[in-house]
Every structure is written in C-alpha cells, then in structure tokens.
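Following this line, the structures themselves.
Look at the two complexes coming up: chain A is in both, with chain B in one and chain C in the other.
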Partner chain A sequence: MTRARRWGAGLALTWLLLLLAVALTVPYLPLAFSPDTVDLTNIAMPPQVSQFSHPGHLLGTDPYGRDVLTALLYGTRTALLVSLPAALLAALAGISSGSSAGFWGNSGLRVKTGWLVAAGAAVLFTLAALPCYWGSYRMLYLLAIPTGFFMVGGILLQVKRLSAPVPIPLDSLLQACITLVSSIPRLVLVLALAAVVEPSLPTLVLVLALSSWVGTARLVRAEVARVRQLPYLEAARAAGIPELRLLVRHVLPNALRPVKTSFPLSIAGLIGLETTLSFLGVGLPPEVPSWGRTLALVRLTPTAWWLVVFPVLLILLTTLALQQLASRPRG
Partner chain B sequence: MIRLFTSLFLLVVFAEASSCSSSPASRELPLRVRWIRDPETLDPLTQPNENARQGVNLLYQSLLTVDYEQQRFVPLLAESMPSVRHQGARTLITYRLRDSARWDDGQPVLARDVEFTLKVMNCPDLPNEEVRAQFGFITALQPDPLDSRRFTLVCEGAAPELVLASGDFPILPAHYLDPQNKLGAVPLAALQQDSLALRHYPDVAPFVQRYKAAQIGQHPDALPGSGPYRLASWKTGQQLEFRRKPRWWGQALQQTAPQLQARPEQIEFHVIPDDATALLAMRRADVDLYPRMPAREFGRLQADSARHPELSFYTAPSYDMTVAGFNTRSSLLAHRLTRQAISHLFDVPQLIQATQQGHAYRSVGLINPENKAFYNDSLRPFAFDPTEASRLLVRAGWQRTATGWERQRPGQSPQRLALRLSYRAGEPTYEAIGLQLRAAAAQLGIPITLHPTESSVLSGRLRAGEYDLYLRSMTGNPFVYNFAPILHTESIGSGNFTRFGTPDSDRLIKSITTEQNPQRKARLLRRLQALLQAECPLTVLYFNRYQIVAASRLANLQISGLPPGYNVMAITSRPDDSH
Partner chain C sequence: MGIYLWRRVVVLVPTAWLVLSLIFLLSRGLGAAPPLPSLEADAIGLTDPTSQRRATEQRMRHRYGLDAPLFYITLERSYLNPNAARRWQWHGTANQYHSWVKQLSRGDFGFSYRDSKPVTSVLLDSLRHTLPLTVGAAVLATTLALALGVFTRPRWQAALRSILSLLDILPLFVVALLLLLLLANPDVLAWFPAYGEGRIATEAVWWQQLGTYLYYLALPLACLVLVTTPGLALQLDAALQHELGQAYATTARAKGLSTSRVQQKHALRNAWLPFLTVLAELLPALVAGTVVVETVFARPGMGRALAEAAAARDFPVLLAGVLLLATIRLAAYILTDWLYQLADPRLRPAS
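For the complex of A and B:
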C-alpha cells in the first residue's frame, strides 16, 4: 500500500468514525437549537457568526426557520439509521439467497412434497388473509401459521405420493427474482414501494433493502458456484460433513470477499438513494431531519447557497470515504 | 405548354407564400395556464376541486354567472336576472332562458333541461352529496305551459342570496342523457325526500346506471355542452386542452353581453404540482399565467421585475382562507376545550409573516373581516398562548404526565394525547404551519406527526374521517352564506370533513340560509361565528391574498378576489404581441 493510499484510507476511516460518533452522540451535543425548533423570525437566513451570549445560526436556517447545522447533524444519524440497517438487511438477504442458489443449484436441495404443499398453502393463506385481519388477531396469526404449517405438512406426509422428496430449483427461482427486480429501474421501484407504504423509518429501511439485495445475491451466487467446484469440498463431502455445515463453515468464508468490498459501496449507494428520496419528498416523514430534505429546500429559496453547499459537502465526503474504504487492498 | 407550366409554378409559389403569411397571422398562440393539480373529474355533479369547477364552466353553463369586474351576478343562460316573489316561507324565482341558447347538437336549451339537472343533482346513488346539500333548498320547478324557456323555481326560505344561488349550477342536456324522459315522471320532491325513490320509481335505477356508465367526468367530450369550449385532450396529471367551438351560440351576443365572451381560441391547463417547477416554467415562458403564486416567490420575482419585462404582476384580496380542521368525532378531539387548546398553539401572526410575507389577514371565523356587516368583531382570534392551551387541556380532563398528556377512561386503559396532522403533500405553506404547530405542541408535551398526503387520497381520508387534524384551503364568496355543505350534519361523509354538528348549529345554519332580513341575518351570522369559535370544529388561520403573474402580452385578465382570481375566457393578447 502506498503512502498516499494509506493516508486516504486513514482520512476516510477518520471521517466515517466522526460521522458515527456524531450520529451516536448528537442528542447530547451542546447545540443552540433542537431539531424541532422553528424560528419563524429567521427564515432562510444565511450563516451567522455565533456569539456566546446570543447563539446564532452557524450554517444559516432553512425556509421553515430550522437551524441547518442541527438539521445536518441529526441528518447524519438518519443517514446511518437508514443506510446501515438497509445495507445489512440487503447483504443478509443477498448472501443467504445467493449462497443457497449457488451451492445447491437446481437439483441439490430436495424437500418432501408434503412440506412444499404446506409451505405454499401457508404463503397463500398469509397473503390472502393477513392484510384484513392482522390488526385484530395478530398473536393468533403468529401462532396459527407455523402450527398450521407443521400440522398440514405432517398430515400430508402420511400420503405416500406426497412423502417422496422432490428437487427445488433454487437457482432458477433466484435468477427469475433477480431478473424481475433488475428489470425495473431501482429508483422507480423504490418510489413505487415508498408511495404504497406509510412513510416511516422502518418501512424505508425495508423498502431500500428490498431493492438492494440483488447485487449481493448475484456476487455471492457466482462465487459460491466457483468455490463449490474446488477439490477440498469433494474431500469434505467424502468425510461426511453435512451440507449446511459445509456451506456455512467451508464455502461462505471463501466466497464473501467480494461482498466485503461491495458493502461500503452499497452503503454509499443507499445514502445516495435515501438523499434522493428525501429530495423528492418521499420516504421519510417531513419532521425527520435528513441531508436530502435540507438540500431539497433550496427549491423554495433558490438563492440560499448554504442549503446546497453544506449538505452536498457532507454527502460527497461520506460517499468518497466509503469508496476509499471499498477500494482498500485486502489480504 | 411552357405557359401552362409557368402558370402552375406561379400558382404554387403564390399559394405557398400566401399560406406562409396568412397561417400564423390567423392563428393565436394558445393561452397556457398553470394548474396546481389535476381536476380529477369534469363531472358537473361532483367538482371536487377548483380546477374541476373552472373546467366545467368552460364546457357547461349555469343560469347566472359572476361578473368579475363588477363582482356581481349577471345572467348567462338566463335572458335576464330572475324575477322574485315571496309566498309565505317560500321564494318563487322565475327565469327565462335565452332564445339563442343551444347545445352543441343544435337543440335549444329549455326549462326541461333545468328540471332534469335538478333531478340529477338529487338522484339517489349518484355522487351528488355536495350539490344536493348546496341546492337542497330548491324543492320544485314549475314550467310555464306557454313558454318552454320560462320556469319558476320554488325555493324553501326567503334569503336574498337564494336568488343568486338558485342560478349557480351547470345545466345538463336532458335530451341527450335522458332521451326517453324517464326522469320526467319522477317529482323532484320525491327524489329529495324519499329515501326509497329507487324502489318506488323503477325508471330511476336504469337512468343512474346509464349516467354512471357514460363516465361524463372522464369523457365530457361525449356530451353536448352549451359552453364555448370543448375538451380537445386530457393527459391525466399533465395537461388539459380546451378549444373554442367554431360555431357557438353566444358569439352573436358578445357585444351586448360581455359575460358571454370567449376570447382565447385555445386554452391549455398545465398541471404542475410543484411550485418551484411552475416558477421555472413561468420564467422560461412555458406557461403564460401563474395564478396564486406563493407569496415568497411572488415577492422575489417582483423585486426582480426589471429583469423580467415580459411579466406582469397582479394582487387582489381574496376569499380564500387557510383552515385547520379537527375531527370532532375522534375520541381525542371530541371535547371542544381540547380543540380550543390546539388552536392556541398556532402562531398565526408569525406564520403570516413567514409564509405570506405579511400579506394575509386574520379572521375569527369563516366570514371575511372586510365584510363589516356580518363579521363578528366582538370576538378575538385565538392567540398563540401555550399556557392557555395547557389550562384548557386540564379543563378538558387531560393530565400532564412524565411522557405527555393522558386521560383516564372508566373501564379502559388511559388515553394518550398524540395527534396526526394531514395536509396536501408538496405544499410548503402547510408544511411550515405543520412544523410550527408540531414544535409548539412538542414543547407542551403533545406529539404531533405530520402526514403529507397526495391530494385525492387526502380528500378520501377527510371524507371518511380517517384523520385527527387537517390543514387545507377553503374558498368563500361575498354572495352566498350557505354553510350546510361544510358544517351541517347532513353533509357528514361528503363536505363536512370535521364531522361537526349539533341540533343548535344545524338550526342556525338553516336559519341563515333562509333569512331574508339583513339585520337578522347579520345577528345569526355573528351567532354562528361565536358558536363556531366556542365549539371550534375548525380554526381559520388567515385569509390569503391572490398573487398572479402573467405574461405581459396578456390583457383583460379581470383580476378579482373571487376564485380562480382571473377570468380565463376574457383574456386577450395585446395586438403587438399576439405572434
């Protein structure tokens, strides 16, 4: 690693740690204004020099009279609260689906027909009935669905024809899902999903994760399919190691290198996406401070340069830092 | 042969040259107006928003219309202003339709059409709740046996504004929608009063089905209208284009009846929900008229007017008000003192300064303060006073706890005061009001979450009562004082979003509608304002001022405080700039 690269990586890490520290400690920072404070006498004010006796708006105010510095610091927490869980969820979904498809292919995993039918029935039942009765009978459903699954599966297995194992075409299923999700532009997909569900932090995380797992799944599938062919796995199989253990203990550790590289990039992408959504006024409730929302307010006051410069600087530095982290050589 | 070719060549050149010179000269540029939202429907029965009303008025006509310059009603389809007689508690209003008034298919507009329209407005199972409440005072139509254009409307009550209100609904073509005159046999009173009219009159149900199947709201071009324009195209959420009819019955009368003017050849309404985008479109001359520009943009553009000689700026005090409404049937807001407490958390003077650049004005209620005769000046608008709000909450049974405000309920778990504020998404003024209220409420320990909602979804939620608090604009007028569509219990589920209504308020609203004596009417209106302030189903935050920006090439906009703030049919291009 060259000296410049080391410096770059160090700076990137410092910046990201600083952001993390701000996100964790922002409610305890000695800020002059809270994120809820609306100062209607000072709307769209340019940055002011703060005095000890009379705190001013260091980075100015937005057109609703909110302090930009406070909004950006709290926006850091929002960016992390949205992008980090979404990236983790997406990575988890991508790794589990991609590794299963890559490892078992279309014929490696065999399940008894009875269980398949029971699982299909449970999914159909959940999709049909849950939206109508979820509110009133939540606990009942949570108990009834797994109980029903095992009972129906158990009964069906008594039928001779339904007790024979059949292969599950995991790879084809995953490929179809990936094609389906990839065929819709990511922003359009997220906008459509965000328009359907009520705006809140958990729903936004879920929506972002749903749209972002595809890349990881594709990478992991390809890598697992490569590792699967290696001779040491043949040896492990011959030694009688169970399939699941083989996948988790011996395949995944060797297949996750690309994911480690793409994870920071995925966070950067999600921060960008969250900012875009907030800019468009979709996703998060309006009272939640966010970099994108602060940036969007420039449309109300096009001359307010401070509403562009500071959020853009934050987004730029964070994205660059994450990219620097991703391009760091490993091994 | 050479001569022939030369002649042909000259003919072609001449024809080409003449077409080049005459074609642009004979065609006017379309008038392009910014609309903030899609009209959703152009059905004359529903008219869910102001744009729908404006569009409907281009296609259909009512008996009377407003003269924007004089701010008074003038005859439109009617030949003259109606003659009025009083008969006990009833008012008999006699109209005669213009001889030359015609539908697009050449059929005359007759008293039968008016009677048919009234019946459709009261027909069960049609989306007519609002018009039914608004025009329910017209109980019968007596046609003149000797003159098919003359008729008398029998109205309950004797208020002077009944006369104006009686002529303010678009007339539909009976011969087209009901060619077999099936509704003719059904009395209007039966449709109004008989809840089982569909069963008692078997002809009504097939008519209702036909009317619904015609989908007039989405395809008004299929229906002949009497108005000067036809709908040429409608790209939902993007643009509506209206074209002037080449032959329209009103053209011949324009000299003597200026209300029949239809100057622009082509009118395009561009739906641009976002204000910043609309401002950009105005600056780039993609639209010619930007009605009701937000105060901040208007002020900024006007300050920079030296760099924009192509733009003209107009303002007018309006009857538009910004209102906060409460769901009075929600258990959290059922107590009037709770609603009063929340009303004390709006910092209205600061909001006027911040969002309207100080150009709006306060009011104690739905009556414009400019109307000195009817405005209750003994009342004071709710002041921004969190201490008073706390006091009122305690009186309403709420107790301050470490986590907020709670109220004990017998046999139930304690109720926590947490509210949801709904408003139209993408509207910065509502967002500013919402954030201010949220901040003030948070200081008091009341969590308020903001729910910016898409316009048509919001309308549905307000009608269904699925909200706690809302912010919206309402429009009044200086002519009619009929609050039944927005505050009467009969309008719950349609226009009465607050779901407010007491026997006393219902009686008072009906009395105001029917009262004829101006002094008594003033007393009743003052009483209503006091009652509304005490019950607080809604709080009028302020009355707005219209700010309109138009291309300088446009003239005769007839700017007024009546919505939409200009008369689109009167607008002309200045001679020098028409091309």
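For the complex of A and C:
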C-alpha cells in the first residue's frame, strides 16, 4: 500500500467514525437550536458568525427559519438509521439466498415429497389462520400447527411414492425473485412502495432493503458457484462433513470477499436513495430532519446556496469515504 | 426474434404484472383513505360536519368503486358479532381488483385522484415532454461512452477512470442541484435558464423555436448524460480490456497492426456484446432519472408526474406510470435483442 492510499483510507475511516459519533451523540451536543425550533425573525438567512452574547446560525437557516446546522446533524442520524439497517438486512437476505442458490443449484437440495407437502400445507394453514386469530387468545391454536406438520409428514412418508426425495429448484426460485424485484427501475419501485405504505422509519428501511438485496444475492451466488467447484471442497466432502456445515464453514468464508467490497458501496447507494426520496417528499414523515429535506427547500428559495452546498458536501464526503473503504486493497 | 428474447418476455410480463398487482393491492388496502377530491365534502361539511359529510364520502367512495371488497377473497369481520374472529370470505368477481383488471384490459386507466383528468391523457401528455429528454440523453451518453472508451489516450485513462467512478456513485439529484447552482444562478454563472421549458413564441421561425427548446433542454440533458455515461464507459472499458487480453488481439498486434487499429477493428466488435446488456437497462434507467431531473428543473413530464403522484398519493397515475415503465423496459429488451443480432451473426436465425 502506498503512503497516499494509506492516508486516504485513514481519512475515510476518520470521517465515517466522526459521522457515527455525531449520529450517536447528537441529542447531547451543545447545539444552540433544537431541530424543530422555528426562528421566524431569521428566515432563509445566509450563514452568520456566532457571537458570544447571542448564538447565530452558523450555516444559515432554511425558509421556515430552522437552523441548517442542527438539521444536518440530526439528518446524519436519520441517514445512518435508515441506510445501515437497510444495508445490513439486504446483505443478510442477499447472502443467505444467494449462497444457498449457488451451493445447491437446482438439484442439489433434495427433500422427501411427504415433508414438502406437509410444509406447504402448514404454511398455507398459518397464512390463512393467522390474520383471523391475530391478537386474541385463539392465537394459541396455532401452536398445533408444528405438531400437525410432523404428524402429517410422518403419515405421508408411509406412502411409497411420497417418500422419494424431490429436488428443490432453489436457483430458479432465486432467479424468479430477482426478476420480480428488478422488473421496474429501482428508484421507481421504491418511490411507488414508499408512497403506498405509511411513511415511517421502519417501513422505509424495509422498502429499501427489499429493493436492494438483489445485487448482493447475484454476487454471492456467482462466487459460491465458483468456490463450490474447487478441489478443497471435494476433499472436505470426502471427509464426510455435512452439507450445511460445508456451506457455512468452508464455502462462505471464501465467497464473501466481493461482499466486503460491495457493502460500503451499497450503504453509499442507500444514503443516496434515502436523500433522493426525502428530496422528492416521499418516504419519511416531513418532520424528520434529513439531508434530502434540507436540499429540497432550495426549490422555495433558489438563491440560497447554503441549503445546497453543505448537504451536498456531506453527501459527497460520505460517498467518497465509503468508496475509498470499498476500493481498499485487502491485505 | 430469437428464443432468448421470448424467454425474457415470457418471464418479464408476469413478473411486471405481479409487481403492479402488489402495488395496487397495497395502495387500496393499506392507504386507509385515498385523498379523494374533497372540495365537495368540505363545502357541505361547513353546514353539517358529521352525517352529511359521511354521506358525501360514501358517495365518493362509491363513485371511485372503493366500497367494493378489495380482492376475490378478503378477511371480513362478522356484522352480527364484531368481537368474533374474522373470517375469509369469497366475493366472486364483484371486487376492486377484478374491475381494475377489466378496466386495464380495455385500456382505461381510470381518473386521477387529484384533478379528475383521465390518466391516459395525463401520461401521454407528459410522455411527449419526456421522450426528447430521455432519447437525447441515451444517444448522447452512448456516443460519449464509446468516445471515452475507444478514443482516449492510454496516458489519460487512469485519471479518467477515477473521475468516472466518482461520478458513477453520486446521486443524480446532487449532480442536478450542483449544475443548477453553478450554471443557472445569477450569483455565479447565469448561462442557462433554471426552470421550465421556456415559452415559445408562435410567430418565431422554426430554428428560433428549436433554439429556445434546446436552450431549456440543455441542463437537464447534461445531468442525465453526466450520470449515465460513467457506468456505460466503465463497462465498455472493462470489456475492451478483457478483449485486448485475448490471444487474437496479441496475434493482431504481432502482425504489426497499431494498438488503436486492433482496438477499433478487432476488439470493439466483441466488446459490444456485454456493452449491449448494459444498454438494455439504459432507457428505463433514464426514465427513472427524469423523476429527479424534471422535479429539480420543474419541467412537465413523465418523471415529475410520477414524483408528484407518489408525494400526493395519486395512485391511478402512479400505477399507470409503473405499467408504462415496465412496457418501456420490454421495448428496450426487444430493441437490444435486435441489436445483438446485428452485432453477432451467430445469433441470427438461420434463413
């Protein structure tokens, strides 16, 4: 690693840690204004120097008289609260689905037909019964379902034709799910879903995760399918290691390398997507401060450069830092 | 048309349909009350706040077909005993989903919740404004990517690559706002108009009209091109580098051809194929990009219609927009398939 690269990586890490620290401690920071203070005497003011006697708006105010610095600091918290859980959820979903599809393919995983039928019946039954009994003591009835599953499965296995194992087409299933999510451009899908559900933080995280697991799944699937062919796996299989352990302990550690690169980039993408949604006025309730919300206000006051420069600087630096983290050569 | 294309179409149509149905069901099921035009209700509500208003609302819901059950089977609470567990109930074809599908099959997208205009006319009108922007951006971005990938000196390539990969990761609206702030701002450089499409005087000569139109189009177009070119150029570059590492490229060099000739005459043709796959995604991505660009530059069009429909929860417009996008993607696939056959004779059906 050259000296310049090491400097870059150090700077990037420092910046990200700073953001994290701000996000964690922002309610306790000695800020002059609270995020919902409306200062009607100072509407859309450019940045001013703070005096000792009375606090000024260091980064100016927006057209509603809210302090931009405070909004941005609280916005950091929102950006991390949305993008980190969404990225983690998406990575988890992508890794588990992609690795199982890559490892077992369309024919590797075989399940006895009896169990399959029983599981299908159990899922259907749960889906039909759960909303009926939701929130009442009758939900306890649902405890009977697992027992029923084992009983029905056991009985079905006695029939000769149902005891033969059938392959589960995991790979085709994954491909179908991927086509489903990517049949519409991501921004429009998220826009439509975010408009449909109630605007709140958890739903936004779910919507974002739902739209962004696809990339990780593709990467992991390809990598697992490559690693699966390697000779050391044949050796491990010959040693009699069970399939699931083979996947988790022997294949995954080698197959997760591309995810380490794509994960910071996916966080950057999600921060971009979240700010875009807030900019368009969809996704988060309007009282939640976010970088995109501050940026959107420039449409009310086109000459207020401070409403653009500071949030854009934040987004730019964060994106650059995450990109730097992703491109760091692994030693 | 190849079997490859048909497989794609066969997969894409039902999946797009599924997504559309899902959004429809969610919009009707979760969004407790769509924001119906409430002028009438408010006017009456002044005199009698409760009973008449409720009656008006009921009438509105009936007019938009929102009082029917949502789907073929729904969970219904028993009328006789509201405390009893809810039950699944079969409604037959008298439900919102069925009538929506029937409407769609007749090409009727319903009426906008916001201004009660027919959705078809809203979308067609906005498409007229959006198509020049997206098609222009697609052509420009492709040309630019080709120029960057093929004709740059090797000396510049490293610097170019890092600039491109930075641009690649910036959100579109950041680029748009920066351009707006730098080039359409009286405080910095007021080279371009900031808003709208420009009012074109009807008595002006055609080239004056075109000039005004292009003048107003320039910044939005530049945004889309700036954001989409890097991805394309990087992809083409990667494909070209791969092809130049192949044995036939080395042979061509050994024969005494210059590097640029090998690149342009030998490697490019093969690098086209992976590049085309990216091109298929370009047009839908550009239409999605107009959501941001048209909002920032306040141009009427498809993207702004979608963004405003999403913000105002105008579901008929939103659903029709999503359907239109799925169609555009389908069209892009068909176009790419044709280009594939043009680029690679092996893919042409035997005549």
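In this section, the second predicted complex is superposed on the first by the 279 of 331 C-alpha atoms of A that agree within 3 Å, B and C clash if a C-alpha of one lies under 4 Å from a C-alpha of the other, contacts with A are read in each partner's own complex, and residues count from 1 in each chain.
The criterion applied here is as follows: a residue touches a chain if its C-beta (ideal position, glycine included) is under 8 Å from a C-beta of that chain, and two chains touch if they have at least 3 such contacts.
Computed from a predicted model, the values in this text were never measured in an experiment.
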item	value
Fit or clash - chain C, chain B, common chain A	clash
Partner, of chain C and chain B, that touches more residues belonging to chain A	C
First, second, both or neither for A:P242, with chain B first and chain C second	neither
First, second, both or neither for A:I184, with chain B first and chain C second	second
First, second, both or neither for A:P46, with chain B first and chain C second	neither
First, second, both or neither for A:P165, with chain B first and chain C second	neither
Which superposed partner A:I315 touches (first chain B, second chain C, both, neither)	second
Touched partner set for A:L300, first chain B, second chain C, both or neither	first
Which of chain B and chain C A:P285 touches, first, second, both or neither	first
Superposition clash, chain B versus chain C, among 60-68, 258-266, 492-500 or 528-536	492-500
Chain A residues contacted in one complex by chain B, in the other by chain C	281, 299, 302-303
Parts of chain C lying in touch with chain A, wherever the complex brings them together	11-12, 15-16, 18-19, 23, 26-27, 30-31, 75, 85-88, 165-166, 169-174, 177-178, 181, 185-187, 194, 284-285, 287-289, 291-292, 295-296, 298, 306-307, 309-311, 313, 315, 318-319, 321-322, 325-326, 329
Chain A - residues contacting chain C, complex	128, 131-133, 136, 138, 176, 179-180, 183-189, 191-198, 265, 268-269, 272-273, 275-276, 279-282, 292, 295, 298-299, 302-303, 305, 308-309, 312, 315-316, 319-320, 323
Chain B-facing residues of chain A, complex	36-38, 40-41, 43, 63-66, 281, 285-287, 299-303
Contact set on chain B toward chain A in their complex	274-276, 296, 300, 347, 350-351, 353-354, 425-426, 428, 431-432, 434-436, 438-439, 442, 449-452
